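Shared between the two complexes below is chain A, which has chain B as its partner in the first and chain C in the second.
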Partner chain A sequence: MNIQDNYLKNKKNIFFSENKDIQTYREKLINIFENDRLDKKNNESLKNINLKNFIDFKYKYLIPEETSVINNNQENSYSIVSVNGQCSSFKDDKIEITTIVDEDYNDFSKNNTIEKNDHFVNLNSLFLNSGFKIVIKKNNNIKIKISNIITDDNLTIFQKNNYICEEGSSLNLIEEYENKNNSSSNILNVIKLQKNSQLNHFLIQDNSPNHNLIITTHSSCKKDSTYTQKVYNFSEGYVRNFHYSELIEANSEADLQGIFFLKDNNTSNNKTFVRHLAEDCKSNQVYKGILNGRSKATYFSNTHVDQVAQKTEGYQLSKGILLSDNASYFSKPELKIYADDVKCSHGSTIGPIDENAIFYLRSRGMSKIAATKILISSFINEELSSIDNEQMSEIIQKKLVRYLSNVK
Partner chain B sequence: MNSETLNTLDNYSKNKYKYGFVTDIDNEKPKKGLNEDTIKFISLKKNEPDWMLEWRLKAFSKWKKMKEPKWANLNFPKIDYQDIYYYSAPKGFEKKPKDLSEVDPKLIETYNKLGIPLEEQKVLAGVAVDVVFDSVSVATTYKGELEKLGIIFCSIGEAIQKHPNLIRKYLGSVIPSGDHSFSALNSAVFTDGSFVYIPEGVNCPMELSTYFRINAENTGQFERTLIIADKGSYVSYLEGCTAPKRDDNQLHAANVELIALDDAEIKYSTVQNWYPGDEDGKGGIYNFVTKRGLCAGKNSKISWTQVETGSAITWKYPSCILKGDNSIGEFYSVAITNNFQQADTGTKMTHIGKNTKSKIISKGISLGKSQNTYRGEVSFLRKADKARNYTQCDSLLVGNKCGAHTVPYIDSKNNTAVIEHEASTSKINEDQLYYCRQRGLSHEEAVSLIVNGFCKQVLQELPMEFAVEAQKLVSISLEGSVG
Partner chain C sequence: MFLEIKDLSVKIENKNILKSLNLNINKGEVHAIMGPNGSGKSTLANVLAGKEDYEILNGRINFKDNDLFDLNIEERAQEGMFLAFQYPVEIPGVNITPFLHSAINSKRKRMNEEEIDNLSFAKLLKSKASDLGINIDMLKRSVNTGFSGGEKKRYEILQMSILNPDLAILDETDSGLDIDALKIVTDGVNKLKTKNNSFLIITHYQKLLDYIKPDYVHVMVNGSIVKSGGSEIAAEIEKDGFQKFQ
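Entry: the complex of A and B
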């Protein structure tokens, strides 16, 4: 089914389809897909992707019968279960949760400049059917854990979440994606950090082979704010992690990190993009990948330094280990620099596990498999040991052990 | 072909016999624009066999269906291919300055700084010189010596006449004419260039250069160079010239193909200093060059070294296809952009054979309002066992109105291959600058010294006489932009 029919047929299930402004914007988007104006060769969002599968999909959405549960067990700590991308409203003196409204949609789609060519963001804008907005109020220190649940098979979730951290607030956000059914989710997180706020964002992805997860984050940081993101991808299904970050005021920081573990026929596409638009900002982009079987991965990283962004520090690192003959890894670490007083660098390596290191361990009496496993663990040890949340660290260790049990 | 065209062609060929080739060339310019007649005219002018004309026309038909590649980070007005003369070499004598006093004094100044002898200056500036000129006789002596060793070194036009077997076998084998629109364009209308064949086991005793070739002056805007190194041979080839070359032509689309068979080695060095346009970004050459080397045999090696300081637009990716087992590809580059220059340059290393190695060292320096991009691709195909790549690209920014960009593409499909890539971007180190100033160097001298040090890794790869001039050239390129 083509995009337009798909849209018209399911209009009643799509957010804001009555709003005229949004209507015109969406028509423009449909036009791009319909007239095949997609630059398939040079568009990073289309690399390694059979676009047809993503355009010719069967739209299906169920409004959840049971509303999500919001628990406030401990002080300053909340756990949320979002069902089919929806979350019921909640309000206390520290946080406020609501569903998204037209303004939130417009706010992003109209100011959407860097993701203009990201066709999965466009698909999300077109078929939006769920989402929520969380505001962390001034000077609060909050922990939130969100579990994402999908109730039925073959659902197509198009979700948009807004996170706003008000001045001086601090948020520890853990998102879990562990779906076992054949659905697909296209999630867009829009994060706004006000002055002097902080967000630590953890994403744990562990879906079954038939679940597609497309997740995009757009964060913007104001003065003295810090955004840290850590992505752990253990999924057996397709996962796309595209994360954009804008440093719009001085002295802000963005740290985007990720590790992916792939096997069999799995594919994962990753991208981090940091735009330095003000002075004295720092950014760091680190992705590590372990690829086994016939898996494929791409990683695009991009640091853009605007002319005014003097005293920038921007670092990128991409590392990949190929465990099998048939795995492949594509990396494109890009620097675009228009200011002169900057320190920017990138490093990228792809290779097998160091044979000398294996030899060393084997000469100490270890089997080859055990040696390989130890070396894989040490490859990502730096990232794992930096997790300061004990519970999280345990979860990830368990998943790592599960992944390693398949390494031969 | 209809009878009318045949008649026209016939007339042209008669004219040629009547008036000779060189003297009356201005009357024989084809009309502006690109069409089959232009190509037929060029082919006829060069007295080419039918198969060559066919080859050109085939490339032309491909070109018609193609669009210019868009990936580069370049910004320039659309090229009007119908507003260009496709056969303009050699230029008429009356256009040339009669002596050095008529040449742009700025140009002379630069020549003097580079230490180029007076006679050479004349040639470079396009002054009409007597036939008995030193370097010409030098060239012929060299030619004799090369012939003794069985080395073929002539213009590509001559090679098409004299060595059709080699041309038919290798021309377009590394850069297929339909590769992209500039290669198709070049294949259709190329007018001159060099042809080098080094026979089996021969170590070419001297550095070959376009400069030593008698008809070097004729090198047109669509240059085609083909170098074949047969088994176990070695050749070092120098292209271009360190001195700035003023040229009316706006578009240059050269193709260079290198083929190294078993155990052969080719070293190709370029210093490109075409007219970069003035301080306001007006004028200047658009340089769209395709250079590709094929390491066809085992243990072969191809090494590219380039110093790019000229041209308003540089679009250039000298690349290596490492097909033979144990073959080696190297790329050393310095690109300096000043004023409004734009450079998008880099390399492509495709590892196909086992144990193939490649090394990329790229240094980019941006000044003024220029944009300097490194774009490179390293790919390991499935069978490239134990392949190895090391890439280093550093950028230096001088001033806050320029841009430095690094866009590497890294693709690995083999789990025994190892790839390492690192890049850094920074401005000139204040401490180093302070140190130099303290020792009594002026600001400009200090910057020049630091930049030269920054490029040293690449400059030392150049053949001796080139390296000295290139160092001076780096300093000259920086002039007037610092402080």
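Entry: the complex of A and C
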């Protein structure tokens, strides 16, 4: 079944399908798919992807109704179980959670400039069937943990979440994706940071081999705001992490980091893109990968500095360790600079584990396997030791130990 | 015999490096190997430690009644062999203290000795570091990372004193050391010398042998030992160079 057939078949169940403007926009998207013919050679969003999994999806549309849970465990701390992409409404004096409405959808779609060629964002916009909006109110300091659960096999979730951090607010957000059933998620997080706000966003991905996860973030930062994102991908299923950030007002920052741990025949596609649109902004894009078996990964990083964005500081780094001759990692850092007073750099190193270091450690009595494991841990030591949340640190350490137990 | 190298020939990437090399070391002896650049000294050290890049063409090596070629790299270390590297590898992210603790316990485990606990190890490390003039703060750092040349060599000797090997191979430990650092490093070696352990010291210069007195000096040229004798050979080399041995 092609995209148009799928769309027409499920149209009545897709979010906002009665809204004429949205309908027109979706018809345009269908035309893009038809005209572009999904050009795998020239479109980064399609590289190394088995498109069949995503185009001919079984669209089981009626998402089962489940109750999501919100607990205000401690002061300023919330935990949410989002079931099949949905979350029940909640409101207090610090946060407000609602289901997304037409307005939230349009707000992103009309302003969607940097992801317009990203077919998975377009698929999300086309088939949207779930999502929520969270607003952190002015000057509040909040912690939220979201467990994203899918309850059923053969379910395809197209979810769009909006996060708004109002002026002076701070959000520490931990998202867990740990699905074991045969399903797919295409999630788009749209994040807006108002003046002087801050969001520390952790994503822990640990899905089983039969779950596909496509997650995209679009963050925009106003004056003096900071968006920090740390992705830990331990999934055995396919994961696509594409994260876009726009620094739209002065003195704002985006820090996009990720680590992926791959084995067997797994594939992970990663992309970070930061667009500097104002002066005195900083960005950091750092991804590290450990690949075993016949696993494959890609990482595209991109810093775009607009001509008004003087005094920009932009840093990109990609590092990979290949534990097997059959594993592969393709990395492409890019800089596009249109301002003249900037400091930008990029670097990429991919290779097998350092044999001289292995020899050194073994010459002190450590076994080859212990030496390999200690070198893998040291490769990501900086990222792991910088986790200042004890609970998060424990979770990541446990998953790392599990991954290392399969390294022979 | 503690270490017996018999008729050893080794090549790497189609180049013969060691050619029918013979060397015997008894318990309690200090041997020095001197030779010009490219004579195969470091290759010998690496082959003894078990580096896998080399192809053994001929010969055998016995160490403490073991056929050395039956032991892998870590088993050789656990049996009491130690190589102080000419160029110690920097390993960012691997902290010195737990690494050394793990190394000493892997050796004790093989010897069926009780493992050393955290507290006892911390005391041992602190005391050995103090003997070598190593600042305690350095022990909080990653292995060899950001160390100066002298610090790296001192740290090699610290590891040696903690692991207390039966046979220590010092591969040009004097290179890159100023005179004060050389004294500290050689003092550390001399403190470790007993009648039960042996040393194989590889160097270009006599200077190191002024501080560590060898029982035997061997001249190595073009992959073979061409002359053996006492300390007088080192003095001869210092005066006339290696030319006459080639």
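The working rule: the second predicted complex is superposed on the first by the 401 of 408 C-alpha atoms of A that agree within 3 Å, B and C clash if a C-alpha of one lies under 4 Å from a C-alpha of the other, contacts with A are read in each partner's own complex, and residues count from 1 in each chain.
Keep in mind that, in the parts below, contacts are C-beta pairs under 8 Å (C-beta built on N, C-alpha and C of every residue); 3 or more make two chains touch, one makes a residue touch a chain.
None of these values were measured; they are calculated from a predicted model.
Student: Looking at the overlay, what does A:Q310 touch: chain B (first), chain C (second), both, or neither?
Tutor: first
Student: Who wins on chain A residues touched, chain B or chain C?
Tutor: B
Student: Is A:P333 contacted by the first partner chain B, the second partner chain C, both or neither?
Tutor: first
Student: What is the contact status of A:R362 with respect to chain B (first) and chain C (second): first, second, both, or neither?
Tutor: second
Student: On the A-aligned overlay, A:L323 touches which partner chain: chain B = first, chain C = second, or both, or neither?
Tutor: The answer is first: A:L323 touches chain B but not chain C.
Student: Once chain A of both complexes is superposed, is A:S348 in touch with chain B (first), chain C (second), both, or neither?
Tutor: first
Student: For chain A, what residues appear in both contact lists, the one with chain B and the one with chain C?
Tutor: Dual-contact residues (chain A): none.
Student: What does chain C use to touch chain A in their complex?
Tutor: Its residues touching chain A are 49-52, 72-74, 76-78, 82-83, 85, 88-89, 91-94, 99-100, 102-104, 106-107, 110, 142-143, 159, 163.
Student: With touch defined as at the start, can you tell me which chain A residues reach chain C in the complex?
Tutor: 354, 356-357, 359-368, 370, 374-375, 377-382
Student: Using the touch definition from the top, list the residues of chain A that touch chain B in their complex.
Tutor: 42, 307, 310, 320, 322-325, 327-352
Student: Within their complex, state which residues of chain B touch chain A.
Tutor: Residue positions touching the partner: 70-71, 382, 395, 397-427.
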